[in-house]
Amino acid sequence: MNMNPYLPLKAEIVDIVQETTDSELDVKTYALKLGGGAKMEFMPGQFVELSAPGVGEAPFGFASNPLRNDTIEISIKRTGMVTDAIHSLEIGDSIFIRGPFGNTFPVKGLEGSDILFIAGGLGLAPLRPLITYIFEEENRAKYGKIQMLIAARTPTDFIFFRDYAEWRKIKDVEITLTIDNEVPNWAERVGFPHNLVTEMSFDLEKTYAVLCGPPIMIKAVSQKLMEMGMPQDRILTTLEMRMTCGVGNCGKCNIGHQYVCVDGPVFSLAELEGMPDEY
Amino acid sequence: MSEAAIKLTKGELEKMLAALMRDRTVFAPGSTGAKLEYLPVDDVSDIVFGDELPYKSPKDVFFPRCEKIVTFSENGAEAELPETQTVLFGARPCDLEALDMLKTILTQGKFKDPFFAARYENALIIGLACAEKKPGCFCDQRETDLDYSEKCDLFLRADGDKFEVLYVSDKGKKALGAHIPGLEQFKNTPREFRPAETLSLDAAEDDLFTKIDWEEITETCQSCGICTYVCPTCHCFMFKDVEEDDKAYRYRNWDSCMFPKFTLHASGHNPRAAKRERYRQRVAHKYVYIKENFGMTACTGCGRCIRSCPAGMSIKTVVEGIREELQ
Amino acid sequence: MIYEEMTKQIREAAKRLLKEGAVDVILAYRGGGLNEMQVPFFVKKPEDAELIEWGDRCYQNLAPYVHGLNKKVGILAKPCDVRAIVQYITEFQIERDKVTIIGVDCIGMVDENGNARPGCSECRVHKPPVYDEYIRDERAANLPAIEPKAGETTLEENLERFQKEIDKCILCYSCRQACYGCYCKTCFIERDMPDWQPAEIDTGTKITFHMGRAMHLAGRCVDCGACEAACQSGVNVRYIIREVTKFIEDAYGYSAGMDAEEPPALLTNKFDDKEFGFLGGERHE
């Protein structure tokens, strides 16, 4: 971490992967290399502030394996000025990056447990560092069974589709893909995650659920999980907020006295229950 | 409290300030033609002495309304930390307490704000006692002694046509000693500060959200945000990037929690869309959240927001109302 | 004495309107502000009408509270407040039958030192042009006529004064928030595409904002002085807006907020409009 938390580092875009394949093509994953061979040490759950110089800055979660940080990957959906500007960049262009910021998923606390990942749309991106961290050969044995329920609106909206086949080869991994509405030639599931989660079998005694997706999905799924008997402190999610600084000073991302940029973005449902309804 | 002190005539004080001006930028109460404000002055005759409180706090000496914080170029991103040596003259105890709080919030947390820290480091702070409370002031209820604060380098008190000068820090003593030798010494007898009953909130966070009718409290609020601009402890900010020639710059500007855009997400969702939610944030941030995180209430009772509010709202009345409601 | 009598009449009217259910809420003033300022007050129960206070410190234009308030509302309105309400009606912001106007004569407001408040010293409208209830102040009938202070200075003088005024501005936008006419959901200065607000708080930004706002108030300013009163930095750009107002009065014979039936000058196009300047400088009479 450099001494000035507001000073970004220069990075080069070394690869761009088109994720969604519908007509909008609005999600791309950018692989970045810091200047001068520097590396950014981070842990699953943390985020960075990316700058398109002259346009602005916005927060994004890491989307790549923290143990392989020669390059870091960040998935970006085109939604506003900053993301528009980033989407117009090409391989070889410069981008500026600050971080890492925020807390992390409890990688140690999750050891010995089964994990149920539930991701909606772009929500898979901030979970990917944790997933790939667990799937590292040196780590895999520390965790139990891994189930994933990955949802997207349509078959063209899945991100990291290329990973699924690799992940499915790993021992004790089960991946369910689902889309909102029936389409021809779709062999996987159809339906919203909160309806499908009830069909999944997991050991309530030793499973953590890790959720990320649109707020409405997070609310519906966590409600179902609680009804199924999962304790609130074993349902983890990650929040997003409008942020400027990333270091708890600009005053935008607080929920009560807690700052999503410093005390979050990872919160358990038990923690969220104790916080005011302000997100 | 410092016991060693000297007495200066106004002329001697002006001479001292003039000497300081040689190698420092001096910020002091001055007139804009309409209002009294802390302004950079290069002539002592521009300084307005007296008991009137500038309408805006001196926080922008350390945390400017607008500052360039990053320069982007082909070579990378660079930041220039402020190096100007400054003097803040005439800051009142309420403002001194507030500056100290800002220092804690911005530089003693997990991250250090290097711009604020550098400006604080580079400043010689000269406090000034208030002769009396002004309409709207409630410093005595906020544990602030209008007659003294040690959150400065030198502290002044007007005494007839003279000024008592108390040495508070070594830095202050050095600065003073370097400029005016051989002055009338006197032994300061500390005066007792008798605070009024403290106005604070011990409310549970959730109660603030569920048991208080913010809709009613804020029905006359215009969301104008002037309270946040004149406040000595408000410190929310935004970044604004611009491109000029072949470089890009990032500015940090004051922002205000009273503005709807403050918390607006790119998706259109807004956690504090209504003015009742935004006003709650301002009160709760000062009286509850900062207390939770740093152990202090970030309101010094300077009364500026009360005097400035075009709708005649008062944070004091609001906090008193909440106390009553939650008792 | 006169204010006490008027206060009594206002309380009675407010009580009656609330009791009859003609309104859900009445916007008025009560005492208790700093320096004996009378502060805005939302009266919801007939018994609370007893707290209403009318006097020479009822500065604030209450009209902005009506905008967006989804209720049957009564408003205690000085002539400038009434003009703002009328402007809302002619700009299709509120419906005439949703608002009950308790119009009150006004001889001007004063500050704690007895000086006229912004807008009051040059006020030309002392009687409410439109009302449902009317509270008379005999003194309003005998005030000397004041000629508008506009169009007297040269362009150069205006520019010089403008620069001096905006030097003090800290761009906090309080003037905009206090203005009845600034009800845009997103102010032009905060629009991102195109970006009107440069990063630096410099003279250029201030010119963009204040000139932009003045233009947007063309033919709409009711001269209530709320912008100047809200400004804690002591900026007065109202005289610029007054130049614009005079231009509209000269060109179209239109004064804002005087007639709820008359469409605003800049919402109408007529063949005999004097579009001087706009059509290349020639003024056709």
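Residue numbering begins at 1 within each chain, and the chains themselves are lettered A, B and C in the order written.
Going forward, contacts are C-beta pairs under 8 Å (C-beta built on N, C-alpha and C of every residue); 3 or more make two chains touch, one makes a residue touch a chain.
Just so it is clear, the model here is predicted, and its values are computed rather than measured.
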item	value
Which of B-C and A-B has more C-beta pairs touching across its chains	A-B
Longest centre-to-centre distance from chain A, chain (CA-based)	C
Averaged-CA centre spacing for the pair chain C and chain A, given as whole angstrom	50
Distance between chain centroids, defined by C-alpha means - chain B, chain C (Å)	33
Cα-centroid distance, chain A relative to chain B, in whole angstrom	39
Junction residues of chain B - those touching two or more other chains	240-242, 250
Contact set on chain A toward chain B in their complex	3-10, 35, 51, 53-58, 79-80, 83, 94, 96, 215, 240-242, 244-245, 247-252, 254-257, 262, 275-279
Chain B contact footprint on chain C (complex, rising order)	32-35, 37, 39-42, 59-60, 64-65, 164, 167-168, 170-174, 177-178, 186, 190, 197-201, 226, 229-230, 232-236
Chain B to chain C touching residues, read off their complex	32-35, 37, 55-56, 65-66, 68, 135-136, 219-220, 222-226, 229-230, 240-242, 249-251, 253, 256, 261, 306-308, 310-314
Chain B residues within the chain A interface of the complex	69-70, 72, 74, 76-79, 81, 105-106, 109-115, 205-206, 208-209, 235-243, 248, 250, 252, 255, 257, 262-267, 269, 271-272, 277, 281, 284-285, 288-290, 292-293
